[in-house]
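Two complexes come next, and they have one chain in common, chain A, joined by chain B in the first and chain C in the second.
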Partner chain A sequence: MRRLPPQPGERIDRSAPLSFTFDGDAIEAFAGDTIASALLASGRSVLSRSFKYHRPRGELCGCGQCASSLVTVDGAPGVRACGRPVTAGMVVEHQNAWPSLRFDAMRATDKLGGVGGTFLQVGFYYKTFIRPRRMWPVYERVLRHAAGLGKLPNRQEQRAWRTEYRRRHCDVLVIGGGIAGLTAAVHAAQLGADVVLCDDDVEPGGVQLAEGGHERMRELAARARTAGVEILSGASALGYFDGLVPVWQGDTLHQVRARRHVAATGAIEQPLVFPDNDLPGVMLAGGARRLAALYALAPGASAVVASVDERGVEAALTLHAAGVRVAAVADLRRDAADCPAAGRLAEAGIPLHAETTVVRAEGRRGVERAVLARVDRTGLALPDSAQQLECDLLAVSGGAVPASSLLLQAGGRSRYDVATGRFLPGELPEGVHAAGAVAGHDELGAAELSGELAGIEAALALGFGGEAVRRELAERRARLEARPLTPCAAPPAHARDGRRGGKAFVDLDEDVTVKDVEQAVAEGYDSIELSKRYTTATMGPSQGRFSQLPAVRALAAATGMPVGEIGLTTARPPWTTVALGVLAGRPFEPAKRSSIHARHRALGATVKWAGDWRRAYDYGDAAAEALAVQTTVGLIDVSTLGKLIVRGPDAGELLDRLYPNTMSSIKPGRIRYGVLLSDAGRITDDGTVCRLDDETFYVTTTSSGAAAVEQWFSWWLADWDLDAHLTDVTQGVSALNLAGPEARALLGRLTELDLSNEAFPYLDAQHTTVAGIPCLLLRIGFVGEVGYEIHCASAHGERLWDALAAEGARPFGLEPQRILRLQKQHILVGQDTDSESTPYGAALSWIVKLEKPQQFIGRWALEHAAQRTAATALVGFTVPSGRVPTEGAVVLHDGKPAGQVTSARRSPKLNQAIGMAWVPAAQAVDDARIHISDVGSTFEARVTTKPFYDPEGAVLRS
Partner chain B sequence: MSFLLTCPNCGVREVTDFGYGGESSKRPAERPASLRELSAYNYFRRNVAGVQREWWVHRSGCRAWFLAERDTTTNAVLWTVLPADAPRADGASS
Partner chain C sequence: MSLDFLTLGSDAGVVAKSPLAAGTAAAGATYAVRDGWEVATRFAEPRVEALACRERVGWADVSHLRKLELQGTPEQLVAAKPDDGLWLQVTPERALLIDSAGPRESAAHVLDVTSQLGALRIAGPLARELFARFCALDLRPGSTPPGAFRPGSVARTPGYLLCEAPDRYLVLFGAAYGAYVWEVVSDAGLHLGGRPVGVDALVAQEAASHA
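Right after this comes the complex of A and B.
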């Protein structure tokens, strides 16, 4: 295509040339061009290859909506070339063609269709590729290669594009920036509403931009901005979800929530259906006008226009004015010659053929000739009425269908108006307005008036405006209702000249032909929803925009049912196809790190996920680290523990109601272990409770349970109205556990506190300073040796770590800690217990104090459980053969599964395989033999109900 | 599901800011008489199609628990309050 002389409303900036590449070739363009307009200007006419038959496809809609211009831009597939503005240096590639766009080997599928008959016809993959069954993987690979629209880069680094979310709450969201949308936005905003308007195109204005109204539309957009409307351009509304409309604009996904919605989404011009209606050069009339008006392109040297209404005549006149020779206008209307513009057509010397349509396009790589004819009711050319006209542009217009998808998603219904032959929105859902062509008001004045109405109605409903505005509204409504909707002419479902050959496409996205629809009906798929699924018509990337009416008409013709009875398919999001990455947003995987994390990294720790936390799993040798704790002294970062301060006169009462044991009786400076239960008596978490003073308790929880416990505590606190307050200090407090035979001596060098067993016994707590840092010292022994949990403000965490490490404490990670605690049979909630575990089963009966007065959480269920013997019990076991079973291995009883292994390790200290398992209650006695089935083999283990190491806790308390 | 909730402390936020605590049902003062009643308390919910009183927590905000009445068929939220200010519910839902 060649560039035209400057056009009055053109969007390109001829003073700003730039270049980009297409399949490696440099393409010159102007700022304001789309990829497609620049490619067309460079002389290319084929933009893509079709989905199934790999037929060459050129520009169709000219507005960034159809699938005929899908390209890959900078590695991102599925970009619509006729919607995306060019930028300097962008790398554009074709997709779905191999080895090249010009020569595509898979085109053979198209030719085969002609020769072989059924190949690639509707349902072919259900029928052709099912036998023999074992061949499916081979078929699948071939089919995957043959079909599809673009390829995603395999590697994450090559997919660097990302989107951010933005939440926007407003009074009114106007979807569509044509005359109706802009007018509605201006009126609502002028009455005081906070209005957002979104529009697909790079600027608001809609079809008027290309149809003579550009000055007016740009002036109207300026007025809207002045009135305070936030205009989102290049922004597609993706769907309507309970009032939330996601609007995709480049790298931002706006989640727009408005109190009122105005759908001003316009109408979509539909193609005509005739043999070879997909040849490059067959273009929607509106698309051709856009190319000429906005990008100053001559869409052809010589054009034939075929239409069913005024659109064709108007298109012919504007193309003529732009310098394109128009060979003829075929207008299906009987009274076409009486239309208002017919005179101007005659003045221009353009022949107008009434009651005529196009019955075939001819040409090799693009349109060379159009065959026009008068047709019978079915679309078959009447004898001797056909005429061939040379042309390279065939501008078609098969009427328009309202773009009502969002209205329907919002809960509206569509109805077929028999009198005018239009699909119209029926009753609208609460809070949703429709304006302009989507509501049937496609004439300019009516569209504007309906926009005024919608904008004012929306504002009034929100309490803006007054009585005067209300009166005005009634007057406007009367004026709009006085304008009758004009009838729509319907083209035949399948215009044809009766000659063999040529595919007549109902859906260009999916390569679905009239024949496919006929075959679907013949096989029984005779409702629109079934036919849609079987043929995939309307399911392609343009979301049925350009195939809706052709599909309905083809089905009507094949079944003999009226169009109105067939109806439209269910509207579903997304209304505009969208990359999943856009919906996913920024990759966001929250990771928590302790304040000492850098030290672990510096020490070369193996860092692994533990819930949301990144934790040091080991520092290279888990067994040696475990041994060091038992022979000298070890140091572990336990900052990940949940830490809550419960304070207030009722703090003890609160804890007594939440824990099965008594916490209010703890003396200040003492610590007690506790488990948390659900009201069904199931263990949900565990930790320690330390009483700091009369009214203050310091509660620790498991690392992964911190958030849930905080929520649990605050929930009951909200319900019970106790005088207690909860503060979560998990993130603000670092905690280190120093443990081992030399721990006391080491710590003694850093604190003035008397650490002797008499002055600071097991389960005591003291505030002191360690290495000059204010700390809370808890004498707790999770790992079984003399140990101190040292809690300090996390700002001091690293300094405390450094001081202890400098004194010779050997860092140990999560894995050695797990070995050590297993030696003591200390349970890990969630590892050794599950959602069914009660304290009775988990060998924690001693912690349940049914004699205390509080109706503590879980009490009633435990009272019932206490009267029965649990079926299974949690016990320790050793494996004589030394084999360490897999965690989760099955415990057998009489050859049947009766329990499972929950933890198992090799103990370097004891030099044997140890573990914990749920076993039948009868076997929960020392030295009972149990059988473990693990990865295909069964072996024996011995039950040990007491800790493997220091069973009486003498070491711990020393 | 997509709607707005008004946190009594922070104001209007997207529902994704909040955690759902389930329908509000008062914990009995004394142990339910039978195991069946206890299990009903622990495991059965009314699951009404209509207005129900329920717990929400402003998880990504002030972390306060509050009560709301919401129509489960339309997601229309009738009101939200901190528990101390809650209007008396009808006998059935409280």
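Right after this comes the complex of A and C.
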């Protein structure tokens, strides 16, 4: 291809040359060029290799929509060369070809398959690589190597780039920046609506930019901006999600939520289907026109144009005006000679062949000849009608398909219009408008008028504009309805000259041929949805833009069904292929951290996720930390515990209804353990309830259950209409557990409170200051030693930690805490219990007070459960062999699974393997022998129903 | 027994620390103790911070603002509403009172939740654009005019947002998310050309906007 003299409206800036590399070669370009236009200008005609057969592919659409020019840019694969503007220094590489784009060894797949060959026939992945089965690992490796389009860089830092979300609310979102979209946006904005317009191209204007309307479109875009429209260029709408439209623009994903949507997405020119319709040099007529108009490129020296409507004829005239010799125009319309442009063709000396189409392309590395013929209804050339024409450009136009995917995703329906040979949107969902070619109004004046209507209707629906505007609507609507839709001829599903050889593709993305569709039908895949899945037609990167209609026509021809009855496949997002990184957004994970988190980090803690918290798992030696708690004094950050304040005259009543034991009888300053149950009597959470005064309770929950418990309480509080209030103070309160034989002495150095066992016994609560910080002290002991949970405002948490650590408390993490609590057989809800665990099975029957007068959640279920012996029970066990089983290992009874291990650790204090497990109830007695099957071996364990350490709780209460 | 352990005040004798402290320290904050709190008063020269608030966007840690939660009947809440501070009506039976000496005497339950909620004040012409990077609330002036209060999702966590003035917002969020929210806001804000600012810069900005 060669550069043309300056073209009116060209997009390139000839005063700004720049260069980039393609496969290591320097390529000269101008600012405004796309990668494809620059490569084509440099003399290259092959831009990529096809997905399956590795056939050479040149430019098809010229507008960044097809998959025929996918390249890797600066390490990012899958970039459409015909849509991406060049930048200086850009490194562009071919993809899907080895060893080079010019010679691709994988092209052998094309030869192996041949025409009608079976190697890569439709559904080959279900057939070709099945036998012998033992070869599958080999096949898999080969297939994985061959599959895919492009390769990601190996290293994460090479794959990462900054992407982000941007939320945008607006009154009207206009999708599409052609004449209809811009007009709609201008009218809606001028009536006062807040309007956003997004458009795929680097500037708004649509097809008119390449069809002589560039000045008008640029003026219209300026009017839109003046009216306050936010124009997002190079921005593709990806889908429609109940009114939310994600719009991808470069590295930003705009999440646009509009009250009204105007789809002005235009129509997509379709290729024609004939043998070797993928040779480089076969291009959509609109694409050839675009290359000439916007990038001043002569897409060929000698062109043949094959069309079914006016757009091909207009393209021929444009190419002729740009200096390309047009050898002929083949127009399938019967009345082609009467078309408005026929006279201009004659004036230009371009032969027009009516009722004629292209039945074959010929050439070795690209188009060298086109064979034109008149065809019968099946597409077969009529005898003696074929003629060969020399050309290096075959511009084809198989009609246009409304780009209705977003409308259909929004809930719209499509209907087949026989007169115009295409699927048009039918009834639209509430709040969605359609304008321009997507609604069937391709003609310029009609598109503009439909844009006016859509913009005004959208604005009026939102309360903008007055009665005068409303009155004008009817007149506009009548004018629009008076305009006929543009007719076109329906091309055959498969035009051909009857000679052997040449693949006729219905889907260039996926290398799906007419023969593949016919084979699929023969195998029973005779509906459009089944055929799509079996052949993969329309499933490639261009999302069926250029294959939907050819695939439907091929299926109709193969089944004998009318095209209208075949219908379209379900429209699904994304409408445009999008990098996963763009969908991911910024790499931040909402994480809760306690106010002491920085101290844990400074101490070298291993920090892990625990629910939605980041917690210190250990500080390097879990066993030593556990031992320290039992020999001296340890300090753990338990700020993650859920903490609720329940206040009001009915606070006690509320808790009595939520817990199976009685909470209203707790005396102020005392603490009681409780479990929460579901309606079915299953354990959902546990914690403590501390009564602060007559009407105030302080409730703690598990760390992971805090949010659910707060919701549970709130729900029941609202339902029961009790006079109580609830406040979740989990994040506002730091909690530290100081535990160990020296805990009392250490704490005594920081508070004036009498900590003696007489003055401050087990399960007592006191308000005091510790190191000058107001605190609530709870005398409880999850880890089994004398211990104090010290609660204070989280703004003081770090200073409280510092004060306790300075006195010699050794930090311990979550893992040593788990060892210590296991020694006491204190359960972890969710680990030692599951969704079927009741208090009876979990050795917590003592907590159920069926005799209390109040109804409570789960009571009915527990009353029934109490009448039966639980089938399994939660018990402790030791393993004589010293082996620590995996959590989840199976407990066997008579050789059959009968329970599972829920927790297991080696206790440094007891120097033995201990654990908890669900076992058959009959075995829930001390010293019973159970067998545990774990990782391929079975070993014996002994049941222990009492805590392994301090079974009577003397230490805890001392 | 009482809920005194939740209450922070200058009389506690111990300086309170913001849940965003790790973030502000890493960003180079200078601190001063005010009303018992360690407050990030500045990150750069005052004129630089003022410029950010005037021409781009600035964000300041104001977690030290006193926050009270009031619960009661609608009548009790009305009776408790004081003349000072920011009154944020969450539901008819629940309100937040920010930066106030305290509510009027009433039967409503009052709880100090200062430590429970982190707070950022975000100001500048790009403030809305900054929120758009991490918050889906509709902050267009027509939808969220000055004075409007919006409970909702802030950076994918539960939060509250108050439009205090054009291009000036107060956002509240769970204290445990403080480091995360600071990270998210700073990441987006720096990308937009904004910067963290001290509380004094916001005072100056507020004064300038009133002038």
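Note that in this section the second predicted complex is superposed on the first by the 835 of 958 C-alpha atoms of A that agree within 3 Å, B and C clash if a C-alpha of one lies under 4 Å from a C-alpha of the other, contacts with A are read in each partner's own complex, and residues count from 1 in each chain.
To be clear about the criterion, contacts are C-beta pairs under 8 Å (C-beta built on N, C-alpha and C of every residue); 3 or more make two chains touch, one makes a residue touch a chain.
Note that the structure is predicted; figures quoted are calculated from it, not measured.
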item	value
Touched partner set for A:397, first chain B, second chain C, both or neither	neither
Contacts of A:799 with chain B and chain C, given as first, second, both or neither	second
If touched residues of chain A are counted for chain B and for chain C, the larger one	C
Chain B versus chain C as contact partner of A:167, first or second or both or neither	both
First (chain B), second (chain C), both or neither touched by A:725	second
First (chain B), second (chain C), both or neither touched by A:513	neither
Which superposed partner A:243 touches (first chain B, second chain C, both, neither)	first
Partner chain in contact with A:863 - chain B first, chain C second, else both or neither	first
Chain B/chain C common contact set on chain A	167, 169, 255, 257
Partner chain A, residues of chain B touching it in the complex	1-4, 12, 14, 19, 21, 27, 29-32, 35, 38, 41-43, 55, 57, 59, 63-66, 75, 82-84
Sites on chain A touched by chain B in the complex	167, 169, 241-244, 255, 257, 678-680, 710-711, 714-715, 718-719, 721, 728, 855, 859-861, 863-864
Contact set on chain A toward chain C in their complex	162, 164-169, 194, 255, 257, 586, 588-595, 597-598, 613, 639, 645, 647-648, 668-669, 691-693, 696, 725, 727, 729-733, 765-767, 771-776, 791-796, 798-799
Chain C to chain A touching residues, read off their complex	1-8, 12-19, 21-22, 37, 63, 69, 71-72, 109, 111-117, 129, 131-136, 138-140, 142-143, 155-157, 174-180, 183-184, 187-188, 191
